[in-house]
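Multiple structures are listed underneath, in structure tokens.
One chain, subunit A, links the two complexes that follow: it is found with subunit B in the first and with subunit C in the second.
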Partner chain A sequence: MIKSRSSLIFAWALLAPAILYVLVIVAWPLVETFRLSFTDASLRKVTNYVGWRNYDKIFNETFLTVITRTFTWTFFSVLFKMVIGTFGAVLLNAAVPGRNLFRILTMPPWIVPMAIGIFMWGWMYNGQFGMISGLLQRFGLVDGPVAFLAYGRPAYWATIVTDVWIGVPMVTIYFLAAIQAIPRDLYEAAWTDGASRWTRFRRITLPLMAPAIITMSMLSLIATFNSFDIIWILTQGGPSGSTTTMIIDTYQTAIGSKKYGEGAARAVVICLFLSLFCIAYFRVTRRLAATDKA
Partner chain B sequence: MAFKSRDTRAMIDRYRWWEVVAIYAGMFCFLFFLLSPFIEGFLVSLKPLAQLFSSPYRFWPENGTFAAYVSMWETVPGFARYVFNSFLISTISTCIVLLLVVPAAYAFARFDYRGMGLVLGGFLAVSMFSGAVLLIPLFRLMRTMGLLNTYFAMIIPGAAFLIPSAIWLLRTYMMRIPTELNEAAYMDGASQFYTFRRVILPIARPGIIVVAIVTFIGAYSQQFIFALTFNSKTEYMPLPIGLYAYFGKQEVIWNELMAASFVGIAPALVIIFFLQRYLVGGLTAGAVKQ
Partner chain C sequence: MTTLFRKSLIGLVLAGSTALPALSQEISWIYCGDKIDPVHEKYIKEWEAANSGWKIAVEVVGWAQCQDKATTLAAAGSPAGMAYVGSRTLKEFALNDLIVEVPMSDEEKAAYYPHIVDTVTFEGTQWGVPIAFSTKAFYWNKDLFTQAGLDPEKPPTTWAEEIEYAKIIKEKTGIAGYGLPAKTFDNTMHQFLHWVYTNNGQVIDADGNIKLDSPQVLAALQAYKDITPYSVEGATAYEQNEIRAIFLDGKVGMIQASVGAAMRLKDTKINWGVTTLPLGPEAGGPGTLLITDSLAVFKGSGVEEKAVEFAKYITSPDIQIEYELSPDAGLTPLRPSAKVDALVAEIPYWKPFIDGIAYGGPEPLFTDYKGLQNVMIEMVQSVVTGAAEPQAALTKAAAALEEYK
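Up next, the complex of A and B:
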């Protein structure tokens, strides 16, 4: 490649607009969130620095419950996405008539406006007239109507199911690509040696798609941790806080109650967790790339 | 040998009857999970309101009617405007993203100066922070710039979060363009900018189109939090927020809301159908390790 002073300048000139944009819209707000977390910023004109007071205030029993809830919520959602995604990818890879159609039919939850898909789930969860409660009653699995979003436990799981629903298509298509990248010779050799379909899945498919599963679960972890739309539309964090995750909690404090300083402190805690995930992600992908080369 | 290998291939793909049944049964469950909200939503849009709010639950509509598709225009008077806003916001966001990302992706694909790896990592890290975390400073920024309750309050922050995946996707595509082209252009005395503009861009066009489609879909499907927080004017609301106002009411007219939702997502469904081949490649290439 031609290296010269002018191409050095040219390269950075090409990057400059994008860097500038991200600095103003993402990096500066990030720094500003840290600064605001040490102030009592609100709708009032005057803002004072208050030291660690916001952090003292938020670290209590409730906030620790919210953190735990966020982690369990994220954990179950990611787990289900990975399991269902693997299941779907293996099925979509099977050479049966109609698989191209099936692949297309996997995509709608991913492509249509998220909020609209969530509205539809809102109706499905309706206790009196919704489909899930209706079908459960029809098949005699429950006695009376189940209002999924009206009580803590069911609402918690209902929001997870909807989050899984939105995440599964991308995971599935990504896993499918990973499965298709596995050399056919391996399967042919195993088949010649008399390995059953299950053995081939267990000994070839699963180990060779493991890097994809690891990468995807990390990406999914970050995306799920940030999940806002689903919970906000379905329950707004209720009933009585049973679906309040850290993102929802921050939004309620900052935008709902206009406590910018305290909201910023909560956002900073989220950022710390996200940075940890981010570092873990980069380390894991680097290690995967390294073992790939070896 | 070639024949033998092809035989093996055919044998591996041959299923016993119960395996075929199992595959289709599994596929049915999988797709039912993914499509049930749409199926149910569509059936709801066909049911008269009285039938919706009656027990016991009935899956299929009786005397299904498309009346809701007509009456919804009166119930949701801003509907056409919301759809227009959604398209406008997505289109402008896509244009901004492309203007920023095409040069940047080329730089990442062609040059490797000190610090660029770090910058690329920085871009990728952006996608890990959601808008929700940065909402407070962004809100204050928009207020200072006088952009609250305008299209730009939704476009400018939204576009930033579409940049990382677009850069990654286009960089991957541009790395496949042979460097010999640059060298040949250099030999012919073309300037760096001329080479980028006249040699690389025309070749990269298919990749740019895929990135544009993926970005547009991202912009169209993720309009929520910024529009919810930074805009309160009905005339600028994108479709999800416009419908959200009806969703939150005490007496939701579900059949009309579902009819409106279906008209709203129709463009997305059409796009999936016609562009699915590009989409699958485009949506996954960004994540697959090169």
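Up next, the complex of A and C:
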């Protein structure tokens, strides 16, 4: 009894730093944000509780548009990362000369510091000095400079392209590991039966990669939904709000306009969405683990 | 005993000498930019030498985050001693009791160019010490004027001429006639306000009434619409420094920019000229937006009094002019002086930047300047992209500004 009590104390002593860390770094700011979301906190020194007013205020037409935009932006970005990542992994797994070189070449977007990579894309999108506009003009595809970040729709897609560029390497490497775990004899048996490359991909690679694809999709969804740097550096949410997602809108409200209460309410909404994604992620991974055991 | 006494004395001296820096009081200064200006560096050392026990702790913060950092620290209750802020934020800080007054004597006020003191004045007193001043003038590329068949020595003097010349340059050379910045960036508002102030317009009057929806401002917005087709393609992708880079590359005929552009143009092969900004139909004389940055002294740092003293020292006439005329600064002098007269006589391109001050207007002081900025940018972008007509955009913006004044 004495021994088990001392073991328990020892276990709690070991856990204590981690618990304290989570309480101070994660739990307390979360609780404080939630509390703040019911106040009119701003630069003023006096703060009053305002009930649900901040939530009433944010669920207007503009914020609903921002929510919709955030979901579509996230959807397309994750979709492209998964599709390109899958095909990239298949290509990197193929027995072609220079395969190792290609594997190395996949890495730069991941290795280059994110801000530098984004600034590089900003220059590439520049109409006057940018490489993309220059090439389009050189090949006679456009009459004059094309400023990709100048108009709503091109700016929206340009930010997605940059996000995909940054996200694809991780997805590719993860999928490559998943492909390499598929037993070779399955492919040999299928090849002996005369299955084409496409059939082998569709019937063997894709089904056996599914757990990896689902897991990565969920993780990517969470990271992309909260993506701030790319949009902020490229467009600051403009032009005319066409690239303003929930996280950008929250930053502009809380830090830009110093409406901390309203900003906190927006942050709570983001937190709720992310919590739903996390619950979905844990359910899916648990189900996949159960399937594996079976 | 003697040895023990000596050792103790040495020990005390050593302990005292190491404790001295800890005893010194610090004035933290949030300094916007990439690096501290050598002129400031030099005079900080001099001030510290003259004020033993005091230290200026400079924290350099990039322009994009500088304002937000100073504000967030103040709001969180751990303010910097002093921060380099856009003067437009002073009203908001003052109303929220975050900064201390920095009253000027009549003599101090009289030393500045007209309207400068207005940029830091709210409710009859001053809330910051001006440290940087920017006015704009009109640059044109003489080679492009020649190519377009225009007289290279005759820049436009009115908006009508400016729009006409932009059209001619675009049509005759295929190169953009004008550089219009309209990115989601603060200087999109500033550039538009240059047009407002060259047509006798106003955003808000001294009594706090919104005056945006006026014929003068409407004419400015209409001019924006009219010049857009002949401007750099995709105006909403560029802020003023990016437009300046295009001008330095010879890819645009005319821009409005600070004296910093002239300093950079000296290193190019471009044949250029600079004059006062073209005028709108109701202008009283050559105008420009008068933008100042100030040193704001925050409440609650415990060193307010000394910070005010340092702020006045570092912006005193002799130090300030040295800072303004340093090669990297690109600033318009805050005060008239014999040095400025000598400068204008020696380097004529400075003249239009000084001439515009007389009819210039200060940056509007709002309680929520970010709100003002967002409304103005949205108004400009909606007109430039063709999403709204000038009158509709103006009416909408004027109504929205009521919330932020």
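Simple rule for what comes next: the second predicted complex is superposed on the first by the 282 of 294 C-alpha atoms of A that agree within 3 Å, B and C clash if a C-alpha of one lies under 4 Å from a C-alpha of the other, contacts with A are read in each partner's own complex, and residues count from 1 in each chain.
Assume contacts are C-beta pairs under 8 Å (C-beta built on N, C-alpha and C of every residue); 3 or more make two chains touch, one makes a residue touch a chain.
The model shown is predicted, which means the values in this text are computed figures rather than measured ones.
Applying the stated contact rule after C-alpha superposition, one finds that A:Met170 touches subunit B and leaves subunit C untouched. In the superposed model, A:Ile19 makes contact with subunit B only, not with subunit C. Using the contact criterion defined above for the overlaid structures, shared-chain residue A:Lys45 touches subunit C, although it does not reach subunit B.
Contacts of A:Tyr151 after superposition on the shared chain: subunit C is touched, whereas subunit B is not. After overlaying the two complexes on the shared chain, residue contacts for A:Ala290 are found with neither subunit B nor subunit C.
Between subunit B and subunit C, B contacts the larger number of subunit A residues. Using the contact criterion defined above for the overlaid structures, shared-chain residue A:Tyr260 touches subunit B and also reaches subunit C.
Of the two partner chains placed by the overlay, neither subunit B nor subunit C lies in contact with A:Leu141. Contacts of A:Gly237 after superposition on the shared chain: subunit C is touched, whereas subunit B is not.
In the superposition on chain A, contact of A:Gln128 is made with both subunit B and subunit C. Residues 128-129, 255, 260 of subunit A lie at the contact with subunit B in one complex and at the contact with subunit C in the other. Residue ranges on subunit B touching subunit A, taken from their complex, read 5, 8-9, 11-13, 15, 19-20, 23-24, 26-27, 30-31, 33-38, 40-41, 44, 52-59, 86, 99-101, 103-104, 106-108, 110-113, 116, 119, 121-123, 125-126, 128-130, 132-141, 156-157, 159-161, 163, 167, 179, 182-183, 186, 192-193, 196, 217, 220-225, 228-229, 239-241, 243-244, 247, 254, 257-258, 261, 264-265, 268-269, 271-273, 276, 279-280, 283-284, 287-289. Considering their complex, residues 42-45, 125-129, 144-152, 235-241, 252, 255-258, 260 of subunit A touch subunit C.
The part of subunit C that touches subunit A in the complex is made up of residues 68, 71-72, 74-75, 92-93, 96-98, 174, 182-185, 232-238, 242, 245-246, 249, 251, 368, 370-371, 374, 377-378, 381-382, 385, 387. Looking at the complex, you find that subunit A touches subunit B at residues 1-2, 6-8, 10-12, 14-15, 17-19, 21-22, 25-26, 28-30, 32-33, 36, 41, 84, 87-88, 91-92, 94-96, 102-117, 119-124, 128-131, 133-135, 137-138, 165, 168-170, 173-174, 177-178, 181, 184, 187-188, 191-192, 197, 211, 215-216, 219, 222, 226, 228-229, 232-233, 247, 250-251, 254-255, 260, 263-264, 267, 270-271, 274, 277-278, 281-282, 285, 288-289, 292.
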